[in-house]
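Going by the order they are written in, the chains are A, B, C and D; count residues from 1 in each one.
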Amino acid sequence: MQGSNCWVTGKMAPEPVNVREFQQLAREALPKMYYDFYAGGAEDEFSLKENMEAFRRITLRPRVLVDVSRINMSTTLLGYRISAPIMIAPTAMHMLAHPEAKAAAACNTIMILSFMSTCTVEEVSLSCSAVRFFQLYVYKKRDVTAALVDRAERLGYKALVLTADVPRLGRREADIRNKMISPKLKNFDGLFSAEHESGNGSGLEAYANLTLDASLQWKDMAWLKSITNLPILIKGILTGEDAIKAVEVGVAGIVVSNHGARQLDYSPATISVLEEVVHATKGKIPVLLDGGVRRGTDVFKALALGAQAVLVGRPVIYGLAAKGEAGVTQVIETLKTELELTMALSGCPNLKDITRSHVKTERDRPHSML
Amino acid sequence: MQGSNCWVTGKMAPEPVNVREFQQLAREALPKMYYDFYAGGAEDEFSLKENMEAFRRITLRPRVLVDVSRINMSTTLLGYRISAPIMIAPTAMHMLAHPEAKAAAACNTIMILSFMSTCTVEEVSLSCSAVRFFQLYVYKKRDVTAALVDRAERLGYKALVLTADVPRLGRREADIRNKMISPKLKNFDGLFSAEHESGNGSGLEAYANLTLDASLQWKDMAWLKSITNLPILIKGILTGEDAIKAVEVGVAGIVVSNHGARQLDYSPATISVLEEVVHATKGKIPVLLDGGVRRGTDVFKALALGAQAVLVGRPVIYGLAAKGEAGVTQVIETLKTELELTMALSGCPNLKDITRSHVKTERDRPHSML
Amino acid sequence: MQGSNCWVTGKMAPEPVNVREFQQLAREALPKMYYDFYAGGAEDEFSLKENMEAFRRITLRPRVLVDVSRINMSTTLLGYRISAPIMIAPTAMHMLAHPEAKAAAACNTIMILSFMSTCTVEEVSLSCSAVRFFQLYVYKKRDVTAALVDRAERLGYKALVLTADVPRLGRREADIRNKMISPKLKNFDGLFSAEHESGNGSGLEAYANLTLDASLQWKDMAWLKSITNLPILIKGILTGEDAIKAVEVGVAGIVVSNHGARQLDYSPATISVLEEVVHATKGKIPVLLDGGVRRGTDVFKALALGAQAVLVGRPVIYGLAAKGEAGVTQVIETLKTELELTMALSGCPNLKDITRSHVKTERDRPHSML
Amino acid sequence: MQGSNCWVTGKMAPEPVNVREFQQLAREALPKMYYDFYAGGAEDEFSLKENMEAFRRITLRPRVLVDVSRINMSTTLLGYRISAPIMIAPTAMHMLAHPEAKAAAACNTIMILSFMSTCTVEEVSLSCSAVRFFQLYVYKKRDVTAALVDRAERLGYKALVLTADVPRLGRREADIRNKMISPKLKNFDGLFSAEHESGNGSGLEAYANLTLDASLQWKDMAWLKSITNLPILIKGILTGEDAIKAVEVGVAGIVVSNHGARQLDYSPATISVLEEVVHATKGKIPVLLDGGVRRGTDVFKALALGAQAVLVGRPVIYGLAAKGEAGVTQVIETLKTELELTMALSGCPNLKDITRSHVKTERDRPHSML
């Protein structure tokens, strides 16, 4: 554990048995400003709750008397094999990307490094052997973005994940009240000096509005493709209309995301629009999902509704805050264990056995009993 | 700030970050009788809660990768340009129409002066350069109403907003319990003496039942049009049936309103019937909405469902009670900032980009997933 | 006030402004065993809550600009004119039928005397000039029932209201726990001695199961009609199927009722099945409703869905317990005032103006916005 | 009462009037580890609550004026007559199968002995004259299962109830936290030694995963049928698809069950899928249900939706914990009393009178008023 990780408590905590208990430990371990930053959402936090509640409204339709003595959760994404359809989402400014990267390697999954990581792309690429993707923001100064894309590509990052839902930073009122200070983002050393004054509000908001290119649009995908050979995924799509456009511009995949409900409040729960997005892509590109995944049953539901895999963001942060690198590994392994059990109890020994008919959504209910 | 504004506290309050926090400050600043009067609704207060809850049940369908570097919120109403589709609703007896009028000017929006203002139409017309409309009640003594219409027209008020939903005053039980005293309404000085005895109940109710013409009906619109050249909007319409009649009698616009849930309890949330009303008008006249607007996302939802603009009543009062004229400006600016952000995060740089497909209502849900 | 009314408090209470506040006063005034008896329902008390909740789920569709300067609430039932469509339901064992009867006269409405009244039919007929109906239970000893029918008819009671939903007494667990004692029922003096032992449970249940004829069936209506010339209403119908049978056997009216949710838990809220029953009767006979009416808006909703009038039971008891005879009058007058206001604010000066299109139920929602 | 029943309190408890009050007494009487084990469910306990909530969302459609002076609740299952359609579900490890078996005899119903009983099949067969079925788990060591089938058949058990929903043990987090110790299962004495180490988690989970055959599949039904002449029911079916397979492999009946919500969280409430399963079987075999039955109305609802009978598990445990053998009898008799009353108040003197039209489910609501 590094010195920079000053907020990770060393005290012996009771052994958490699920992701929510990791969250509880993280709440105890973190200073309020940081816990609020990670756990909070935009404005009324409707979507924050809804991301999880919408999973709860989906029930399972398990089948019995299937041989489930061997459960195989492994899958591939863009040709890379992972041990389970659970990846590590990019989470900005969490100050400890190393343990996360090592945990990704230990869990044999893919990590998406945050563009706004407190470690550099070089540092993270050295610290682990996991397959790494690189999250991208497009800055007003496009040369900053281009330089980072170039560095990431040369360092062996395997794909870019373009964040499409942050033309401006969402209104996170806890951060405004806490006058959240944005930490130093080492990737930009020497490239860029974003002098800003947080003043009375959120330092992050001030920083974001200074740097982010709000004019980024679909036709800029041509520019982005011109500066890299890496496959590009778009993260932040919530409608079938945009999914069609994403396929048209030739992206390699979509992440259905509302940015952890941190951007636009009253955006729909991601699981509630997954099927619409999957339907629009017609199977041409893989669809991932993040937002609200806290249980193996949640992963199972996302897969049944067409996701290739899910990303987990806050759970990783909670694991990290509660127990450091071991906590991240434990969180991922807990979700894998729960998914494996869900597959066994649903009669699905392989991921391909998980079908639409294994879940019942609210949409299905008028036609069935409940 | 005037002496009459005795209930506006001078103490330094924490900086509110949203309208609900202004409400909290107002609750602390106001004597209970007045806070109850402004914040309360009719009978069980079902519609009071529902006005806000119905907004919560509508989710957004944001689009990404649209150039949102410039957001334009300006629109026109009856030919008057305003900086954003957020206007100031008429609110009776709030004792301080001046700061409100000045705030309207500062925010470059339209103010609708209450017929039952504690300031005269003359005073308010002098105090600000904002476009002003004048709210109308029709009294049993029609000459009182006619005299006020004449004064408003000569003073440059640009439209009349006829209140159609108060043939009698609704049953606001807090006011009955508090034996709410109706303040002096200066507009009527010399015109009218409404001697009434509040006795054991609400003074307002006694006053209203003494003065208001409960026989007012659609055909009386001809009389009203005969005494003024101003365009007339009707406020208080909640059904398609009445919207059709409004178009037929030639009004200039409709305000979908349940009078802030102060009149008929169990009347529908305004946002839940907006689309019905808009559909009935077939685009012939503009439709406004009030009731439950507390967030920029609420404004966005109303626009997506066909409103030309929204009116805010209680938020203005809360701003006024919390921080005087500056509070009113701050409340309006907060809503504008939130709307601007919502437009940016929804991929709508202009108001005309906001369409029906940018929201999902309960009506849409059986056909989609959630 | 009579000596038998020992549980009616004399202390000065704050002036109640609605029926729920009368209930609160009654709770304070009554011994727990009696309050539980009146306020409680069967088993889980699902239907008890649902009777009221189902009203809340119905919204109004008010019309404006109608002449509502004169509201006429008067109607007729079986040819008898009443001042408003609000009648007094039969409520067993409330120990004070006199004040209730006098209140019915004062309010110019119909009172249905409980078969299990603690006053005799004779006493009540002497104490007031209101139109009186007589509630009927059929006992195993049919001569008891026949004797009472005969007495009621000779005393000028205008109709019989046959209770159809009590072949056995429902399971009211509060009464079982309280070992509720059934009081002396004076109507049966000399006719009938029901010796029973309440033992460990509810004395009422023991009494009921000893006396009530659980074999009573549709064909017994012929017998009942043979012993009286009075019109017969059936109380306790909750399905269209039974409504059709009621019309076929020639009853004069139906009361949609689940016995105040005191009999079969999980029976539907009466307001939720009213329309089904009204539809089945095809307008041939009047349909009344009881259960959950606490507001003038509730009465309005019942009328909009086809009821000729509503009965109020518990509200009358609460008025009586809180303030004696004056309380009953006040409760009825409060409901009338609220109904009158609802009619005014909905644009319905007469009862016949209240139509199906003035309310929106859950059934209507899939076809409209909310 | 036996010495092993150390957790059954002897103190005088208030007389419980319904099953939930028995649960309250059990909670007071049992050590936390055991109460948690019996009362708890898997993971978030969504299905645990939903099993009961789904019953609450079903309302009754009672008919009146039917002769209900004689209620007959008796029915048959596989040719065995029982006094009411309420049977005793198998519940593992409750340490006192004797009182339960005696209660089954006293109540004239069928008891399904748990495979994982703390008493042997021999002991239970000696202690009572009730019809007994035997619950079956298939172990990796199939000879263990075969030996127990043989013993049960020779001892006069009348049917086997194959548990199909436990290829692995569900994740019951209370047991993990409590480090639940699995007691000695006497049926396996001499047959099988399952040495396992509970270590940091649930001892039951460790035991289960060591022993249970997760490869058991539909074609193994042929093997099972080859080793016994007893009729076989399958317990744990929740979909129409599996119900069809069950009919195809020739089982004698189905138990719709989610294992008391102890296995797969977010599996549907059993009552919510009963109709789907019944429909799929086309009446060829009886369908039973367990999960969430706490009231006579629940039993009635299950019958109306097509169940032949229900099983009660936790209520029996609660009765046992609260009051020993007498408690079990009391619980069963309470449910029978409530069912009898429900039948009387619904106008159904016989079980065959209970039809689909006597209940309204959420599925029915769009087509009716509520």
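Everything below uses one rule, namely that a residue touches a chain if its C-beta (ideal position, glycine included) is under 8 Å from a C-beta of that chain, and two chains touch if they have at least 3 such contacts.
Keep in mind that what you see is a predicted model, and the values were worked out from it rather than measured.
With chains reduced to the mean position of their C-alpha atoms, the one farthest from subunit C is A. The copies subunit A and subunit D differ by a rotation of 90 degrees on their C-alpha atoms, rounded to the nearest 5.
Taking the mean of the C-alpha atoms as each chain's centre, subunit C and subunit D sit 42 Å apart.
Between subunit B and subunit D the centroid-to-centroid distance comes to 59 Å (mean Cα coordinates, whole Å). Of all residues in subunit D, those that touch two or more other chains are 366. Contact annotation for chain pairs lists A-B, A-D, B-C, C-D, with touch applied as defined. The touching residues of subunit A, when paired with subunit B in their complex, are 43-44, 46, 50, 54, 57, 164-165, 167-168, 170-171, 173, 176-177, 200, 213-218, 220-221, 234, 236-239, 241-242, 245, 263-269, 272-276, 361-363, 366. Every residue of subunit D that touches subunit C in the complex is listed here, in rising order: 15, 17-18, 56, 58-69, 295, 297, 301, 338, 341-342, 344-346, 357, 360, 365-366, 368-370.
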